[in-house]
Amino acid sequence: MNSLIILLFILGGGALLSYFAFLSKHAFGQAVVWLVAIASPVYFFTQVAVGESFSFSLGGFELALGFNHYSWVFALLIMVLSPLSLIYSTGYMKSRLRLGTFYFSFIFSIFGMMGILMSRDLVSLFIFWEIMTWASYLLVIYRGKDVEHTGIKYMIFSAVGAYSMFMAIVILNREMHSFDIATVIQNFGNMNAADQWLTGILLLIGFAVKSAVMPLHVWAPGAYTNTPTSFTAVFSGGLSKMGVYGIGLVLLNLYSHSDFSQVGIYLAWLGAITAVMATFRAVFQNDAKKLLAYSSVAQLGYIVAGIGLGTELSVFAGIYLAILHGAFKGTLFMAVGAVERQAGTTDMTKISGLIKNMPWTFFAALVAIIALAGIPPVGGFVGKWMLYEAAINSEHMFLVILIFISSTAAFLYSFRFLFGLFLGQQEEETAHIKEAPAVMVVPMILLSLFLVLMGTFPGIIFKPIAAGMAELGFQGVPWHMSVLYNMWGDSVNLTYVSITFGTVFLLGLVYITLIARKGTKHKLSTKDIHTAGEIPKPEDNLNYSLDFYKPFERVLSPLLKHKLDVYYNEFGKGLEALFNFMRRIYTGNGQTYALYVVVFLVALILLSGRIFGI
Amino acid sequence: MKKLVIISLLLVLGYSLMNTFSDIEFGKKREGISSYFLEHSPDDLQVANTVTAIVVSFRGFDTLGEVTVLFLAATAMGTILFRRRSKHTGLNPQRKSPQASRIVQAAGKLLFPAIMILGAYVFIHGHLTPGGGFQGGAIIATGFLLLLISYRQFKVEHKYVTWIESLAGLSFVTIGLLGMILGPHNSFLENFLNVGSLNDLLSGGVIALVYIAVGFKVGAELTGILDTLINIRETGDID
Amino acid sequence: MVANPILYIALPLFTAFLVPLLAKLWKPLVRIVPGLVLAYLAIMSVVLMQQVSPEKPIIAMIAGWKAPWGINLVFTSFSGFIASLISILAFFIWLYSFGFKKVEFDDAQKYFILFMLLTAGSIGVVLTGDIFNMFVFIEITSLSAYALTAFYKGRDGAEAAFKFLLIGSFSSIMLLLGIAILYTYTGTLNMAHLALLMPQVPMHAKITSFLLFFVALGIEAEMFPLNGWAPDAYSQAPGPIAASFAGILAKAGIYALIRVSYTIFDLGDHGGFELLLVMGLITMVVSELVAMRQENLRRMLAYSSMGQMGLIMIAFGLGTKEGIYAGLFIMFNHAVIKSLLFLASAYLVYYTSRKKISDLDGFGKLLPLTSLLFGLGAFAIVGLPPFSGFWSKLSLLIATANSHMEFVLATVLAVSVIEIIYYFRVLGRLYFRKAHKEIKVRKPTWNSVVTMIVLALVIIAVGVHPDFITGLLHNAATDLADKADYIQKIIPDLFSQTLN
Amino acid sequence: MNQILTYSVYGSAILVMLIGIYAVLTKKNLIKIVIGLSIMDSGFNLLLVALGYIKGGTAPIFSPAVAGKDVLMVDPVPQALVLTAIVIGFGVTAVALSLVIRLYRKHNTIKIDEIKTLKW
Amino acid sequence: MDDILIKILGAIATVILAFTVGMTYGGLSRKVIARIQNRIGPPWYQNFIDNAKLLFKVSNINHGFMQHVAPLWLIGMSVTTVLFIPVLNTGGDSWYNSWFPNLNFHGDLIFLLYLMVIGSLGMALGAGQTGNPNSAIGVSRGLTQMVGFEVPWVMALVALMIQYKTTSITGLMAAAEQQGTWLAFSSPFATLAALLAMPGMFRYSPFDIVGAPAELASGPVSEFGGKYLSTMMTSGSIFAFVKLTLYVDIFFGGANNLVELVIKTFILYMYPVLWGAVSPRFRTEQAVRFFWGWPVLFGIIALIQASL
């Protein structure tokens, strides 16, 4: 049997099995989840390879599966991140309510994602896309919070996206008489311009929804927040990348030889605006998870900007950031999840100073935040650098400015996140909190170590990315294990950075902790602080957490006043009023209905000349 | 205003219908399948009344449908009107309609047998003379109607009605099914008996039998419906 | 003999007449015997579907008269497919109703008789080859539908039934007028013969007649604005009957509409199909939009059902073979999925008199299996893979795109979004709201569970492996698309005469 | 002459039908509506029978009186159809009346525009 | 081997130079401000004394790991940064010129931009752990202000980068050399934007609300003492040198020898100091609005100029 099918079978079967296993016994279910979490990546990394393919016929359609180098890159991300989050969930999910549904949807959405990546034709792509969508919808509403609002919003936007994609697919099929992606690429030039634009835009809308690009992003913050955090890691880290994958596929593969590829730059602009706006919103969040949710939207904005810009370096940056965002946002959500599980809330105004209670979690979060902020010497910097360079090299200067504003403002929420949860005053209420169990900590630490490694040796994943880029038509992208190049020949050598920084840091550390340790030792609490000579009383609130960036908020208030969400809601309300009005057609009076019949008949008779063309 | 609108709508409708039908000259002979019927009804079936031949044989399926419609109507009325018949009589136990006059009562009693016989004659001779099962059944029902309006206390025994209508319906279908087994083409409702000769009482093979069954069925059915409508008892259900 | 299309009609009628007598023997027979008959018909469908092919339809004569003189039952790949669908579905709905509600004996008798006749009438509409006979069967179907709508006395069934009847009467009078026009101009009633002679009919008469048919059958097919009866009837009828309205009655109606527009009249390419398409589009849009704002679960499902009928009309209105294929696929899916939804919803709103969606809060926990199946149905009806609804949607969209109708394509998809909204809103209530206090729950009986699970399995099986039915659909579509072939198979002599 | 006959015969039948429809559409009383439905049916039946008439035709019965002669007979098919239509009309009317009775019991009125529990 | 040795020695020399210059400038600024305010003021070497005192202080109070590590982070980053900055022009012919190129061919301007902001983030984290609300407030203000001045600053740099098609500082310096004039003259608007952003970087008045010595007790650093504060002071002075050198390198033609470097940087340094001495303090949002006003406008003009 084909290895691709076996992989899908492991995931799909595992999903169903876990559902039924949890129906019978909790331990059973846990065992199945562990089994899937271990078996699927092991099988994937040992047995599945690029180039294997499997084609079959279903319902009269010729379908084909198989990885190419481009999708392989994303598959690597999914197959690392998802099993880790699955393992993490076994510790995270405290309540045993509907665990079967949870794990079913979780594994099934992984199934959907892998399916998308291995689809070599548009029908199976769409099928897996929809499967992924509804499986993730089940997880969005799993908590039951705000189902009517957030859940429906997610579903509406997903549906809008999916259906516009659907429309494009069938129109492409009309022109090509095939759903095969390779055929579509080959014959694309034969299509007339109008169809090219129509299908292109529709496909882009479809993928842009999942990657939360500006006007279509309003579902994302809510959905990311509402999802159980162990899945949010995959949701934001992996699932949203499917949109990125699709945008890349459309812009760089399907449409690369047509005029339509110019659209990329507009998309890049949208991405950059998304990044800025979402970052600004993230800065003012008081809920750590919501902060991360907005931050995800912003980061996806960068990625989309990278892909949309369409130069070699920018695409490289985009894909690299996509992978890395998966890793660091996965870590961050896991960290938040750990806090949520241990402290019961993620509200940064309620908890603080957890660094002593949860040092490992803090470490993982710290590394991930450094990566998020794009600070060397951790991996995030590499992607940011390449993105800036790409934008500068292609002389889209205002784009650079936007991206830069966004990533500078990202420092604000990065700090807020770490400060709000882990630093600051330690309150007595939070003193009893313990570190999360090992099944949760280990995945986080593993991911954060990966991030540190990326800071010096990003070449490890440059290699598959370069291979994937070749698939997209960027042959022979230069890459080096730890040197970054831009297109003007400037470069950054990451090893020097790491060596210099590491040396100074370590020397200083040795000095300050070992050599200069003769100083007096004080056992301090966070209440022992400089307060202009006064001793703070226990009831004094020394925790600065509300309205953290109030001045900044005042600066941005004209910009933040307009929420896209509100406009969508107003639009929805207007529609509902219209529908309510339409309901009145059905008056409830039988005679009226009879009158409709007669009127309709007479109208048809009167119009018959028009209808039948006589 | 609304009425004016409706009238003008109806005028348009009428005009277009008139427009369609006015091309068909009244009383003109036209080509069609009817000539085949007029040819084959006396020759193949030995049935004098072509309408009967059409109703029972050529379009026998329609007739089965009609019978079913009647049966349905009776069942439907039962469903709609009577349910949860409570033992203790409800709000309005007695019909308030006044007793018919003595003359009516006497005449009713007198006429009833004659009407019965007439009805029976009509459906038995359905294949020979104008009329048939439906008409005969309707005449029989008229007889019962007469009794129902003359005597307030008169009640049709539903048990018998049920038996008759069921048996009559069953025999219709059974004859049809027998046609599938015994008939030369093995088709439903096909004649499998000796057709006799034209204008004999015992002619037309199964057609006569079917029409008699139809007559019984229609008679019973209509009687049942009339009885239902007249003897609506308040049944104490909480609508 | 044992597998003959006639039996679809004869057997239920025989049983209907027999049941009142059987009731006097042993009361449970009243429930059992109709079930046995329906089971027999279902099995017979399978057997007949094995025998039939587009090249070789099964034609059953009545009283030994060949078409066009006698009435024929024509079991082709197309009509046979619908008839089989109806008969198999009817059996399962019977199974569901078997223990649905503890009704009094007298009522049970009538209920099962009426249901059986509804089924027989619908199958008759589908199978008959004679236009007037079709009218008779439509009346049988409608009358049983009126009665079943008014079956429960605690509800407003009578009101719904009366509206249904009022509009249904218009339907029958228009049908009769249409038939009368056709008969006077052609002198025949057989559909194949009518189709053969249709070129003789003067244009204006043809159009008037077509419009009369169109409106009359549009009423049965729940076309806007003729569908005022539908939401009332769906919401007031007993649960299984609502399911059979969607799965059986509406299918017969749309079948008749299609048969008339595709086979009998040759107006399709001159605007007939476009009319169907436009009306389908309007029906779909209006119904789905109205469904969005419903508070009553049953009415919501009813409007959704009407929307689906609109979708079917769109598919057939395309007038291409792909369109027919898609339309048949949607018909199949709609029959199965909507039945499942209605059957499941019957338990969800069992004890609440107003059947409000807001009364559904928390049923996910109270009735886990039923809610799950309802959810599955909702997923399937909005066309999410891997459920069967997806494939029909896919084939419809392909057909629409291939006909270069981007506007229709976009509208269908936009409306699908609305469909998703209101179905998922219900699901949200089912699973994520606290149940009301003191709510009474009726656990589904085993037979209902079996029915619902079978329907769900069909949905999943077809969704995962659509090839189970695509072959049948292809045959059916081929059959319907080839009108000349239909005429030739039924009246070969007259057909060749005309050719020469 | 024939033209006038055509118009008057068909026209009157159609008129009866229209009257029925008018009653159904305007009368508020349920019973009157049902009567309207019946009138509608009757109009149609008249029309159909008229359509089947052939000038100078006799009843399509091969009674001994016409045996062997070549007589013109009216079209028997419409008559058969009318028979069916009448019976069906009867069935529908019966059901309609029983529904009216139920409606009256429940709503205590037979005004159609007061019976609007189900709407929207 | 020699090569690496020279590099290490050069690096150490660079760091010492940066430290010395930065410390001296800090002392001088105190003196200058005092004179303006008609005080005598501390001697110019006062900062060296302070630093030494702090470094040898015995008590060593910290609230935890982050506070312990933050100053190291800061110093690590400042040293790294200074090594990536070209201290002198490549064209210079002094005997010590070969000591200073350090790593400046291994990184570019974007990279430097990042390195420069990181230090403060590290400190912010350290300050965060102390639990002093004043620190948090200071950090909040500091970061907000940073968003403010980074925008015109980056605009200026991007304009230059695009205009001269290079992203490395050495590239820009080479370009200036090639065209014979300072970039300040060829790209006046970019220079203007960058100069207007500069006081924000130095956090002198009117942009000193971050530290706000009077009411926040120096803001972020309020809980740091002893070696921590000394380390921070050290890295602060190095950063001051970095910023000044960067400005000189980019806009003012760089320096061919140390004397020129010192003169140019001192003059440049006096600009925020003098401005600060005579202006009252901005509130945070006012500061941001200031930076997003004229400076951004100049930045936009610079960008447009660059693209023409």
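Read from first to last, the chains carry the letters A, B, C, D and E; within each, the first residue is number 1.
The definition used in the following text is that a contact is a pair of C-beta atoms (placed from the backbone, for glycine too) under 8 Å apart; a residue touches a chain by one contact, two chains touch by 3 or more.
Because the structure is a prediction, the values reported are computed rather than measured.
Number of steps on the shortest path from chain B to chain E, with steps defined by chain touch: 2. In terms of the stated touch criterion, the partners common to chain A and chain D are B, C, listed by label. The chain with its C-alpha centre at the largest distance from the centre of chain D is E. With every chain reduced to the mean of its CA atoms, the largest distance from chain B is reached by E.
Each chain gets a centre from the mean of its Cα atoms; for chain A and chain E, those two points are 36 Å apart. For the pair chain C and chain D, the distance between mean C-alpha positions equals 28 Å.
The distance from the centre of chain D to the centre of chain E, with each centre set as the mean of the Cα atoms, comes to 100 Å.
Distance from the chain C centre to the chain E centre is 79 Å, each centre being the mean of its Cα atoms.
Among the residues of chain A, those in touch with two or more other chains are 583, 586, 588, 590-591, 594-595, 598-599, 601, 605. Within chain C, the positions touching two or more other chains are listed as 132, 136, 139, 143, 146-147, 150, 153, 158-159, 161-163, 166, 170, 177, 183-184, 189, 204, 208, 231-232, 290, 294. For chain B, residues that reach two or more other chains under the stated contact definition are 6, 10, 13, 16-17, 21, 24, 30, 32-34, 37, 59, 62, 65-66, 69, 72-73, 76, 80, 239.
Every pair of chains in contact is given here: A-B, A-C, A-D, A-E, B-C, B-D, C-D. Within the complex, the chain E residues that touch chain A are 11, 57-66, 68-69, 71-73, 75-77, 79-80, 83, 103, 106-108, 110-111, 114-115, 117-118, 121, 124-125, 128-134, 136-137, 139-141, 143-144, 146-148, 150-151, 154-155, 158-159, 161-162, 165-168, 171, 217, 222-223, 226-228, 231, 283-285, 288-289, 292, 299, 303, 306-307. Of all residues in chain A, those touching chain E in their complex are 353, 355-356, 359, 366, 373-376, 381, 384-385, 388-389, 392-393, 395, 397-398, 400-401, 404-405, 408-409, 411-412, 414-415, 418-419, 423-426, 486, 488, 490-493, 496-497, 500-502, 504-505, 508-509, 512-513, 516-522, 524, 526-532, 542-544, 548-549, 551-552, 554-555. Against chain C, the residues of chain A that register as touching in their complex are 57-60, 123, 126-127, 130-131, 133-134, 137, 141, 144, 147-148, 151-152, 155-156, 159-160, 163-164, 166-167, 170-171, 173-174, 198, 576, 578-580, 582-583, 585-586, 588, 590-594, 596-601, 604-605, 608, 611-614.
Residues of chain B that touch chain D in their complex: 2-3, 6-7, 10, 13-14, 17-18, 21-22, 24-30, 32-34, 37-38, 41-42, 48-51, 54-55, 59, 62-63, 65-66, 69-70, 72-74, 76-77, 80-81, 128-130, 134, 198-199, 218, 225, 228-229, 232, 239.
By the touch criterion stated above, chain B contacts chain A in their complex at residues 6, 9-10, 12-13, 16.
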